[in-house]
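Two complexes come next, and they have one chain in common, subunit A, joined by subunit B in the first and subunit C in the second.
Right, the complex of A and B next:
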């Protein structure tokens, strides 16, 4: 793969990952947010596939398929199932910060990510590592979603957004992590989402809804 | 290296046995038996490590040096306390209708898996495997915290998983960045902890700084350190008593062990200043949070949970001070705190079962209703606030000395002022519970409070253990010294 093509493809993949992260901030309908999240999974898997072709690594190609199945298939499916169980609730996110301010925050966070990631890019400048700030920006945006949403399911998307960002950084920085660790990470993320899904269901059983404003039993 | 695999595989086998046979009279003591065998095995392992150096197993994925061996002793000792207290706790829950034989089985299976995950975390030779094991503990314990399915329990479990998973996700990002720095250092160390520490001088400082900050913040979340400590009082107060004992007594220390491993690498790559500054700030913030929320505390389980934040803050202060004395004190403090805190949570569980309320105001005249339980709780609190002969006196004293000697005079002074305030508050709350006038009608003798003989023996033995370590830590001294050398980078 030529240098110019690699630059373009990595730029395209990273751009799609960042764009979908911003879209999650913008959209209110949870069903649409989940679809956007799945699209981000596809973009992430595409990014890994480009890296696999570039490095001619079969192992990385297998990982790309794994990313596609987990992040574009399994996780959105679990989210959708949790959402469809929420009949009767209004299926929109209820952000604490309005959309315009959220988008402004996303811009600030992206600039912050660019500033913080400078030593990361400087260590090994290449078309691939140049995209690291994008991964960091997605992590920060995911964290922002996590702390500013009041519905359990919206918080879950924030967590998964963060996780996608971390995965992107992982692959862009070389992905030299041993396969056993990668498997462990995959499994842990899947289990964490399953646990949170179960808890969302229990929350609905005992509170009647999943609005986290209802969580007021425990405080000092 | 079978000895390395026993503490890891025996709990898994015990979990399988519980899954197959279920929790019943004949299997009630299986968990405690398994924990006792594990404790014996890790003592043998510690002796071997001292005699013949680090041991490895499973193609180098598992590695036990002196630090790991000491942590295994801590995990096994507190596990024995928690598992020995489990039969009495579960019988009480079943009698009160809070649990059935099925939930009891689930409880025992999950606790054994939890123990295996913590053992894997301290045995891991690789930072990636360590991360996976710590995250696994979150997933397993989430079900234990939410076991009672009340509103409060579900809320606590949700907060626990969301905050801890987020924190541990930051640690994953730090791990990946450290891997990146290691990749370009060209030493081929990967994420192997020992190799990273040896070749740390070649790591890029810019990248390593970001990675270390994320790792300390991430594992600090799991260790209950400020600023991401909000899950701890909820989870520890809602979990069943033996699980609270394990979470407060060892899980926090296991997460702190990860910080110690990261600090070794950070000190070699960045100089001691970076990790020290971060840890001092985190330590003082944690102590301040614990103090302010303890003063007006109305719930005794939450009181114990905030006291755990205090002790984690002290560990962070000791790690910041650095050097062999402070590190040995940090490690000894982990063991002493584990034994005292697990005893107190077991005791608090029995008080809760007997009175049905976790409010301090609802528990009065414990000393006349159950002298043994009151004695254990009272002695446990005295151990916690650092009275001799308990080992926390020795370790806190050493922490203070090391803090002043290593240039952290102001921070140490401020920290110990807060520790004194907390001690006064803890003793005040506890004495009201133990000695306060009974709320029963005047003239009527207060109802005696039943305490199963098994639980009483467990608590007394744990406290005696804590005191014995405090009076004569000599058998532990070589292990502590060797482990402290590993952390302070002076092999």
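Right, the complex of A and C next:
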């Protein structure tokens, strides 16, 4: 694969990942947010596949398939099931910060990610590592979603967004994460989502809804 | 400016002047057909303009020169932009004036003139429309300028001719993240600036929702015709600019008669396709509440900013 083509493909993949992260902040309807999240999974898998072809590594190709199955198939499916169980609850997110302000915050976070990851990129400048700031930005945006959303399911989206970002940074730094470690991380995330899904269901049974602000007060 | 340059500028001005009411007619016709109505026909905007032109000029009592000058300023700025932008050929772009910042400033000047005219009438609707228009304008402006910056970084120039020429030479650039993000951001900005759905509803006269119509409510006769024509031309110019920046194929590199004729045909096809697509999309959209508009425009600003970031990091 030529250098120019690699630059373009990595750029496109990273751009799609970042765009979907911003869309998660922008959109209100949870069903649409989950679809966007699935699209981000596809973009991330594409990015890993490009790296696999570039390095000619079969292991990375397996990981790319794993990323596709987990992040574009399984996790969105689980989220959707949790959402359909939430019948009666309002299906739109209610952020603590309004959408315009959080979009501007995303812009600031992206610039912050650029500034922070400069030394990391400078270690080994290449078209691949040039995309590290994007991964960092997705981590920061995911964290922002996590702290500014009220409902459990929206917070779960933020958590998964953050995890997508961490995965992207992991692959882009080219540290060559071992296949077994990667599989372990996949299982961990899956388990976390399953547990949080169950927790959300229990919360709804006990309190009638999943607004986490309700958990501040003690009940008998 | 050479003779060829002046000829091309005149050709562009005539094409846009004659074509923009037709574009408006096509867009209305597409909407009508999709909504199951027969529609008034593609020529209806021209018939409306002819009717208005024949009427007696009339200005409301108490209005000043600002009110009378606004349609002329709007028309003049739009024509100036039409004359310099390389819609048809890149060979005849004047050395100065085709700068993207100048183009944006000229188009904004026309909008501001109209807003001032809305205030000048002293009526409630005029003031309300002007206030809304300026609010939207102030939010669109950063997006336009930052988006322009994103496009000019890889080229190293904000000159429209240079940007188009370099994109034509390197077509792969169109699918770089910077270009795609800038295309989406500027597309939203164009929709907001031309007063289409979901920011403004171009076909309504309901006082609670209108923005552009509220400002021009006091105009009558030939003045109204001028405002309507200039607004249609602005729509054509914005769609044409978008097409020129993000799909520059078919723009001629010479000023020969054949090349210019081909360029005009391609320009007409591109703008008509964009307009029809916009009208088709509008059928499925509802107007946003005014207080939700900043969200949309903040989103487009973030996309423009990300485009700049991407253009610095992925070239």
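In this section, the second predicted complex is superposed on the first by the 215 of 220 C-alpha atoms of A that agree within 3 Å, B and C clash if a C-alpha of one lies under 4 Å from a C-alpha of the other, contacts with A are read in each partner's own complex, and residues count from 1 in each chain.
Heads up, the rule we're going with is that a residue touches a chain if its C-beta (ideal position, glycine included) is under 8 Å from a C-beta of that chain, and two chains touch if they have at least 3 such contacts.
A quick note: this is a predicted structure, and the numbers were derived from the prediction, not measured.
**Student:** Kindly say whether there is room for both subunit B and subunit C on subunit A in the superposition, answering fit or clash.
**Tutor:** fit
**Student:** Report for A:96: first if it touches subunit B alone, second if subunit C alone, otherwise both or neither.
**Tutor:** Touch partners of A:96: none, neither subunit B nor subunit C.
**Student:** Which angle, in steps of 10°, is spanned at subunit A by subunit B and subunit C when each chain is reduced to its C-alpha centre?
**Tutor:** Once the two structures are overlaid, it is 150 degrees.
**Student:** Applying the document's definition of touch, where does A:26 land relative to subunit B and subunit C: first, second, both, or neither?
**Tutor:** In the superposition, A:26 touches subunit C alone.
**Student:** Just checking: does A:115 make contact with subunit B only, subunit C only, both, or neither of them? Give me first, second, both or neither.
**Tutor:** In the superposed model, A:115 contacts neither subunit B nor subunit C.
**Student:** So, does A:65 touch the first partner subunit B, the second partner subunit C, both, or neither?
**Tutor:** neither
**Student:** Touching A:163, do we find subunit B (first), subunit C (second), both, or neither?
**Tutor:** In the superposition, A:163 touches subunit B alone.
**Student:** Give the label of whichever partner, subunit B or subunit C, reaches more residues of subunit A.
**Tutor:** B
**Student:** Once both structures are overlaid on their shared chain, how near does any Cα of subunit B get to a Cα of subunit C? Whole angstrom is fine.
**Tutor:** Shortest inter-chain C-alpha distance (subunit B to subunit C): 19 Å.
**Student:** Return the residues of subunit A at which the contacts from subunit B and from subunit C coincide.
**Tutor:** Common interface on subunit A, subunit B vs subunit C: nothing in common.
**Student:** Quick one: which bits of subunit A touch subunit B in the complex? Just the residue numbers, please.
**Tutor:** Checking each residue of subunit A against subunit B gives 116, 118-120, 122-124, 139, 143, 146, 152, 155, 159, 162-163, 166, 169-170, 173-174, 176-178, 180-181, 184-185, 187-188, 191-192, 195-196, 199, 202-203, 205-207, 212, 215, 217-218, 220.
**Student:** How about subunit A: which of its residues touch subunit C in the complex?
**Tutor:** 7-8, 10-12, 14-16, 18-19, 22, 26, 98-101, 103-104, 106-107, 110-111, 114, 127, 130-131, 133
**Student:** Residues of subunit C touching subunit A in their complex?
**Tutor:** Listed in rising order, the residues of subunit C that touch subunit A are 172, 175-178, 180-181, 294-295, 298-299, 301-303, 305-306, 309-310, 313-315.
**Student:** Quick check on the complex: what are the subunit B residues that touch subunit A?
**Tutor:** For subunit B paired with subunit A, touching residues are 61, 126, 128-129, 131-132, 135-136, 138-139, 142-143, 146, 149-152, 154-159, 161-162, 165-166, 169, 172-173, 176-177, 179-181, 183-184, 190-191, 204, 206-207, 209-210, 233-234, 237-238, 293, 296-297, 302.
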